[in-house]
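Scrolling down, you'll hit the structures one after another.
The same subunit A turns up in both complexes below, where it pairs with subunit B and then with subunit C.
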Partner chain A sequence: MKKEIISFIDQKLQKYDPVWMAENGAGGQRTRYRDDGSGIARYREWRGVEDTFQDYVSWLKNVGYMGAMVAKDPVKIMKGIWEYRWMGSFLGSFAFVDRIFEGYRGRELDIANIHGNAIVRILTLRIGLILHNDARLGGGEMTDKMIGLDETIPPLFTAGFPTLNAEPMQTMPEFVVCDVDQHLDPYYIDVAESYGLAPDVCSRCSAETGVAIDDAFPVFGKLVLSTNQPCNASEATSMFQRRRFHQKGIEDYPFVFAMQHNTKNGNDYSKEELRQAIQKIEEVYGVKYDWDALFKAAKNMNHQNRIELEKWEIFATPYSPLSGISESLYKLVEWALVNGHDAYFNEVDDKVIEILRQAVRDQYLPYKGKTRHRAFLWGPSAMYYTDFPTWTQNCWGINIVLNMDSTMGHNMINTEDPEQALTDLALFSEKGVMRHHAVGGWDNVNAVWEWAKRLNCDMVICNDNVACKGMNGVHALLEEQAEAFGFHFLFLPHDLEDCRTIPRAEIRKAVNDYMSIVMGEEPLDPTLVDFDDAEAW
Partner chain B sequence: MKKLIRLILKLVRTAVIAGVVGFVLTFTIYMTNAENKLIYDYVRPFLTKHYDKQARDRRI
Partner chain C sequence: MHDLKYTLYFETLLEEPCNELVKQALEEGDIALGYNCYYIPETLLNLPGCFSSRLRAPNCSATPIGDYYLTNRNCPYTRAILERAVEGSYNYLSSLFGAEACSAMERMEEHFEQIAPVKHEPFVTTIIDAPLKSDQAALTYYRNELRDKVVAKVRELGVDTSDDALRAAIDDHNEVSRIITEIGDFRKLDNPPVTGYEFHLIQLVSEVCPHRLILPYLRETLEEIKARKPDATPAFRARVVLCGSEIDDPEFTKLLEFCGALVVADRYCFGSVPSREQIEILEGETPFEAITRHYLQTNLCARFMSEEKIDQRTDVLEALVKEYKADGVIVESMKFCEFWSYEKVLASHILSRERDIPTCQIEKDYTLTGAGQLRTRFQAFVEGLEIKKLEAAGKGVRS
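Moving on to the complex of A and B:
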C-alpha cells in the first residue's frame, strides 16, 4: 500500500523533477534557479518522495550540527562571525551541500548524505573548538594546549600527544571555506597583492599569505609547525605566516619533508624530521610522547585505508554509487583533517562499504545508467568549483571515478614497534594532499595512466592550475602520453582559489567544447551547458 | 491514576502537535530554500558591509 501511494505521488509530481524535465525536454536542473547569477534556487530539487524525504532528513541533521555548535558557546561563535570574514562565508554551507549533490538519486544520494553529514559534523565540531579557544575572542581551557599545524601536514602523528590538540591552521580560514564560497579567497589574494607580492603565484599560497597579513588566523597554542609541503610556493607563504605567528607569541618550527619522496634516502630524511618535530613538541609543551595513543589512532587510520583499498576495487566496476565529489570531498576531510583521530569516521566507512558491496551484488547502475564516460581527474582541482564532477555527470554523463587527491597515503602504519611506525608515518606523510602525484619526480606525475587503466577509465581530465609553474612544464608530455595510450584527454584550466582568472563558466566551456566539437555528443541536460553563476557562493 | 493517564495523553498530544507543526515549518523552509535566500539576500550583504569597514592590523 505504502509503495502504491509513493508511486502515485511520484507520478503526479514528476514534472517538477529536474532529471525527468531534462529527459522530457521540459527544462532541467537550472530551471529552478533564479536568473540573477546568484546560484540561489527558487525551490529545492524535487527528487521523488523517498529521495526528497531522505535529503530533507539529512538537511535537518546538518541544521542540528550547526545548532549544537552555536549552543555550546553562542557568544564566541557570534564573536567569531563578527571578527572573521571567513566565518561569514561558512553561512553558505547549506547551499554548498545542495549544489555538490545536485541530481543525485537512490544509493548515490544515500552515500552522499552520509558523507555530507559526517563532513558537516566534523567541521562544526572543529570550528566550535577553535573559536572557543581562540585567544583573540577570550580564550578557553585548551588555548595553551593546542598545536598549530600547517594544513598539509597529516596530523596522525600528533595522536601521540593525547592531552594536546593539533589543528590545521589554514583549513578553516582559507582552504575548506573556498569550497563553500568562491568569492572569499580573492579578497585575501588582493590583500597579499596590495602588500606588493607577486600576482602570478599559486593562489592557495597567496590566499594563505593574505589571511596572515589581514590578521585573520585564529590565535591559539604555543607552537606552529610550518612546512615545505606540498611545494616551493608553500615555503614562501610559510615565511610570511611565521611573522604573524611570532607577533602573537607563537613559536614556529619548520617541519621539512623530502621533495623526492620515492627514495629510501628521502624517507630516512622525512623520518628524522618527524622525530625532531615530536621532540620539539615535547620540549615546548612539557609532555612525553605516548606511543600507545598513537597506535590507537593508527589502527583507525589502517581500518580506513583497508576499506579504501576495497573501495578502489569497486570503483573499477560500473556499479559504484560512490564517485565524484561525494567520494573526493569526504576523502579529503577524512584523510587530511580527521586522519585517524575520530573513530566516528570508521563507522561511516563501515556503513558505506556495505552499501557499495550490495551495489556490486545487485549490479546496480548509478546515475540511472546515464554514465557515458569514466574519467580519472588528475592534478589539484579548482577549489572554487567543488561541484564540477557533479556538473560533468549531470550535463555530459562523465563520471569522475576518482580524483588524484583520493590516492593519498594508503600504506599501513605499524601499531607495535615505534621505530617501524615512524618509518611508515614518514612515507604516509610524504604522500600528502596535492603532493602524492604532483610533486616528487616524473614517475609520480606519470602514474596517471596506470590509475586510469586500473579503474577502467576511457577519459583523463587533467586539472591545469595556471599558476603552478611545476606542472606547466609537463603539458606537451602528458598530451603525447594520452595519445599513445588511447585516452580521451583534456586539460582543464583553473586558478585554484581565484575564481576571477578562470571563472567556473570558462571551466565548463573547456568541457563543453571538447564534448561537442571533439566527441560530437549531445548534453544530457541542455540547461546545464551554459549558465551564469558568477555571483554564486 | 486517571490524572496520570490524562497527563500522559496531554503530553502525547502536545508532542504530536509539536512534531506536525515542526515538520510543516521545517519542510516548508527546506522546499522553498528559504534559509539560503535569507542568508544570500540579507545576512551576507549586512556582514560584508561590516567586514569592509573593519580596520585590520596589516603590519607583519
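Moving on to the complex of A and C:
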C-alpha cells in the first residue's frame, strides 16, 4: 500500500523532476535555477518521494554536524568567521553538497549522501578543533600539542604520536574551501600577485602564498612540516610560508620525498626522510614515537585500501552506483585528511561496499542506465569545479569512473615490524595527492591507458591545468598515445583554483565541443549545455 | 678599452652547440656528453676520452616543435632545447644526463628518450632525482643517483671512470676554475679591465667547449687581461650582481651594460657562482665523494628547501655585493619558471627590506624578446642607484 501511494505521488509530481523534464523536453536541471549566474536554485531538486526524503534527512544531518561544531565553542567559531575570510566561504557548504549530487537517484544517491555526511562530519570536526586551539583566537588545551602539516603530506605516520594532533595547514584556508566557493582563492591569488609573484605559477600554490602573506593561516603548534609534495610550485611556496610560521614562533622542518618515487634509491631516501621527520617531532615535542599507535591506524588504512581494491574491481563493471565526484571527493578526504586516523571512515567503507556488492548482484544500472561513455579523468582536477563529473553524467552521459587522484598510495603497511612499516609508509606517502601519477617520470603519467583499459573505459579526459608545467610537458605525447590506443581523448583546460582564467563555462565548452563536433552526439539534458554560473559559489 | 684578442672567436664558439672546438675533439676521438643542470657535475663528464657539453640553444627565435610537445605555457629554455634537438643541433652528443631539477626540465629530458630527436649511435638519456636538502641523507641519495645513472652510464660508453681518471678530472676542473676565478676577480677593482659581457663569454665557452681545447685560449686571455689598461673614466654608472636562472645569452649582459650597469658578479645557472670553485678532496674521501659533496654544497638552486640552503642563497648574494662592491642586485626569472618566480620575489624582499640592498626584479624570455622593456627597467634601476649614491655622498639630491 505504502509503495503504491509513493508511486502515485511520484507520478503526480514527476513533472517537477529535472531528470523527467529533460527526458520529456520540458526543461531539465537548470530549470529550477535563477537566470542571473548566481547559481541559486529557486527550489530543491525533486527526486521522487523516497529520494527527496532521504536527501532531506541527509541535509538535516549535515546541519546537525555544523550546529554541533558551533555549539562546542560558539565564541571561537564567531571569532574565526570574523578573523578569517575563508571561514565565510564555508557558509556555501549547503549549496555545495546540493550541487555536487545533482541528478543522483537511488543507490547513487544513497552512497553520495553517506559520503557527503562523512565529509561534512570530518570537516566540521577539524574546523572546530583548529579554531578552538588557534592561538590567535585565544588558544586551547591542544594548541601546543598540535603539529602543522603541509596538506599534501599523508598524515598516517603521525598516528605514532597519539598525544599530539597533526593538522594540515592549508586544507581549510585554501584547498577544500575552493571546492565550496570558487570565488575565495582568487582573492589570495591577487594578494600573492600584487606582491610580485608571476601569474603563470600554479594557482593552488599562489593561493597558499597569498594566505601566508595575508597572515590568514590559523596559528597552532610548535612545528610545521613543509614538503616538496606534490611538485615544484609546492616546494617554492613552502619557502614563503615558513617565514610566516617563523614569525609566529613556529619552527619549520622540510620533510621531502623523492620526486622519482618508483626507484629503490628514491624509496630508500624517502624512508630516511620519514625517519628523520619522526625524530624531529620527538625532539620538538619531547615525546616518543608509539609504534603500536601507528599500527592501529595502519590497520584502519589497510582496511580502507583492501576495500578500495575491491571497489576498483566493481568500478570495472557497468553496475557501480559509485562514481564521479561522490567517489573522488570522498576518497580525497578519506585518504589525504583522515588517512587511517578515524575508524568511522572504515564503517562508512563497510556500508558502501555492501551497497556496491549488492548492486553487482542485482546487475543494477546506475544513472537510470543513461551512461554512454565510461571515462577516466586524468591529471589534477579544477578545484573550483567540483561538480564537473556530475555535469558530464547529467549532460552527456559521460560517467567519470575513476579519477587520477583516487589511485593514491594503496600498498599495505606492515603492522608488526617497525622497519618494514617505515619502508611501506615511505612508498605509501610518496604516492600522495596530485603526485602518484603526475610527477616522477613519464611512465607514471603514461599509466593512464592501463587504468582506462582496466576499468573498461572508452574515453580519457585529461585535465589540462594551464599552469602545471609537469603535465603541460606531456601534452603531445599523451595525445599521440590516445590515438595509438584508440581512446576518445580530450584535454580539459582549467586553472586549478583560479576560476577567472578559465571559468566553469569554458570547461564545459571543451566537452560540449568535443561531444557535439567530434562525437556527433546530442545532450541528455539540453538545459545543461550552456548556462551561466560565473557568480555561483 | 680595446677588444680582447679572442672576443670575436669566443662569440663564434657560442653561435652553435657543435662549435669548432667540439668538432675538433670529436674528430680526435672524444665523445661528447650533454647535460643541462648544475646538479650534474661537469667534472664527472670531463674524463679521459670524453668532454662535457652544457646544452644551449643559441639563436633559437621560435619554438613551434617545442611548443607542440611541451605547450607554449612552459619554460622557454626547455622548449628551445627540444626545438634544437629536433632540428638536429645535438646530433654530436652521445648522451644527455638530465636532472629532475624542475618539472619542465624533466619533461624536456624525457622527450630525448621518447621521441629520440638526437641521431647519434649510441645515445643514452638518464635523469637523476636531485635532492632538495644538503644533509647526509640527501648526499647519500645524490651519490647513489649519480653513481647509478651517470658514472655507470659513462662507463658503459667505454670511458675510464676510475679514481685516477676522476682525480685528473678534478685537476682539470680546478685549473679551468682557477683561471676563470682570476679573471673574474678583476671585476672587484674599481675600474675593472674586463667587462661583464666579456666575462660572460669566457665563462660560457668554458662550459660548452672541451676543456683541453679551450684552456690555452683561457690562459692567454687571462694574461691579456692582466696587462690590459681600462679606460681612464669607467663607462659604467653602477655595479650590479646579476642573479637568476638559465641566462646563457651574453647579449643579455651586453644589454644590461649598455644601460650603464657593469655586471660584476654572475650568480645564475650558467654563471661562475657557483661552478668555478676549487674542488678539494678531503682526507678519507674518494674523488667521486669529493665531487658529489662539492656540487651539493655549492649548489645554489632555488629549489633547495632546507633552511641552511635557503639562507645560503641570500647570504651568497649579500657577500657578492660586498666583495664586488656592487650597488645593487638584479634578480631575473625566466617566464614560466616556478622556482625563480618565487625566489625572485623572496630574494628581492629579503635583500631590499632586510639587508638594505637595492634590488630590481625582472622576468624575461629565454631569447632576448622584449629587450625594449628590459632596457627601460634597467635604465630606471641604474638611475635609482645613481641617485642613492649621490644622496649618500651628500650632494643634495633628494629622493
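Here, the second predicted complex is superposed on the first by the 537 of 537 C-alpha atoms of A that agree within 3 Å, B and C clash if a C-alpha of one lies under 4 Å from a C-alpha of the other, contacts with A are read in each partner's own complex, and residues count from 1 in each chain.
The working rule: a contact is a pair of C-beta atoms (placed from the backbone, for glycine too) under 8 Å apart; a residue touches a chain by one contact, two chains touch by 3 or more.
Predicted model only: the values in this text are computed from it and were never measured.
*Asks:* Consider subunit A as the common anchor and indicate whether subunit B and subunit C clash or fit when overlaid.
*Replies:* After superposition on subunit A, which the two structures share, subunit B sits beside subunit C with no clash.
*Asks:* With the two complexes superposed on chain A, say which partner A:Phe240 touches: subunit B (first), subunit C (second), both, or neither.
*Replies:* both
*Asks:* Examine A:Gly441 and indicate which partner it touches, taking first as subunit B and second as subunit C; both and neither are also allowed.
*Replies:* After superposing on A, A:Gly441 lies in contact with subunit C but is clear of subunit B.
*Asks:* Looking at A:Glu108, would you say it contacts subunit B, subunit C, both, or neither? Reply first, second, both or neither.
*Replies:* Neither subunit B nor subunit C is touched by A:Glu108.
*Asks:* Could you tell me if A:Tyr195 is touching subunit B, subunit C, both of them or neither one (first, second, both, neither)?
*Replies:* In the superposed model, A:Tyr195 contacts both subunit B and subunit C.
*Asks:* Where does A:Asp495 make contact in the superposed view: on subunit B (first), on subunit C (second), on both, or on neither?
*Replies:* A:Asp495: touches no partner chain.
*Asks:* A:Asp150 in the overlay: touching subunit B, subunit C, both, or neither? Say first, second, both or neither.
*Replies:* A:Asp150 contacts neither subunit B nor subunit C.
*Asks:* Report the partner of subunit A that touches more of its residues: subunit B or subunit C.
*Replies:* For subunit A, the partner with the higher number of touched residues is C.
*Asks:* Between subunit B and subunit C, whom does A:Asp73 touch in the aligned arrangement: first, second, both, or neither?
*Replies:* Once the two structures are laid over each other on A, A:Asp73 reaches no partner at all.
*Asks:* Have a look at where A:Tyr56 lands relative to subunit B and subunit C in the superposition and call it first, second, both or neither.
*Replies:* After superposition on chain A, A:Tyr56 lies in contact with subunit B alone.
*Asks:* Working from the superposed arrangement, determine the closest approach of subunit B to subunit C, counting only CA atoms, in whole Å.
*Replies:* Subunit B and subunit C, overlaid via chain A, are at closest 9 Å apart by C-alpha.
*Asks:* Quick check on the output: what are the common subunit A residues between the subunit B footprint and the subunit C footprint?
*Replies:* Dual-contact residues (subunit A): 195, 240.
*Asks:* List the residues on subunit B that touch subunit A in their complex, please.
*Replies:* Where subunit B meets subunit A, its residues are 26-27, 30-33, 35-37, 39-41, 43-44, 47-48, 50-51, 56-58, 60.
*Asks:* Quick one: which bits of subunit A touch subunit C in the complex? Just the residue numbers, please.
*Replies:* 195-198, 200-202, 205, 209, 226, 228, 231-233, 235-240, 252, 254, 256, 258-260, 263, 265-266, 268-269, 272-273, 276, 439, 441-442, 466-470, 472-477
*Asks:* In their shared complex, at which residues does subunit C touch subunit A?
*Replies:* Touch residues, subunit C against subunit A: 68-71, 73-75, 78, 100, 102-104, 106-108, 110-111, 113-115, 127, 129-133, 135, 137-138, 140-141, 144-145, 148, 302-303, 305-307, 310, 333, 335-336, 338-339, 341-346, 348, 361, 363.
*Asks:* Under the stated contact criterion, what part of subunit A meets subunit B in this complex?
*Replies:* For subunit A paired with subunit B, touching residues are 38, 40-44, 56, 59-60, 63, 81-82, 85, 88, 91-92, 94-95, 98, 191, 195, 212-216, 240, 243-244, 247, 537.
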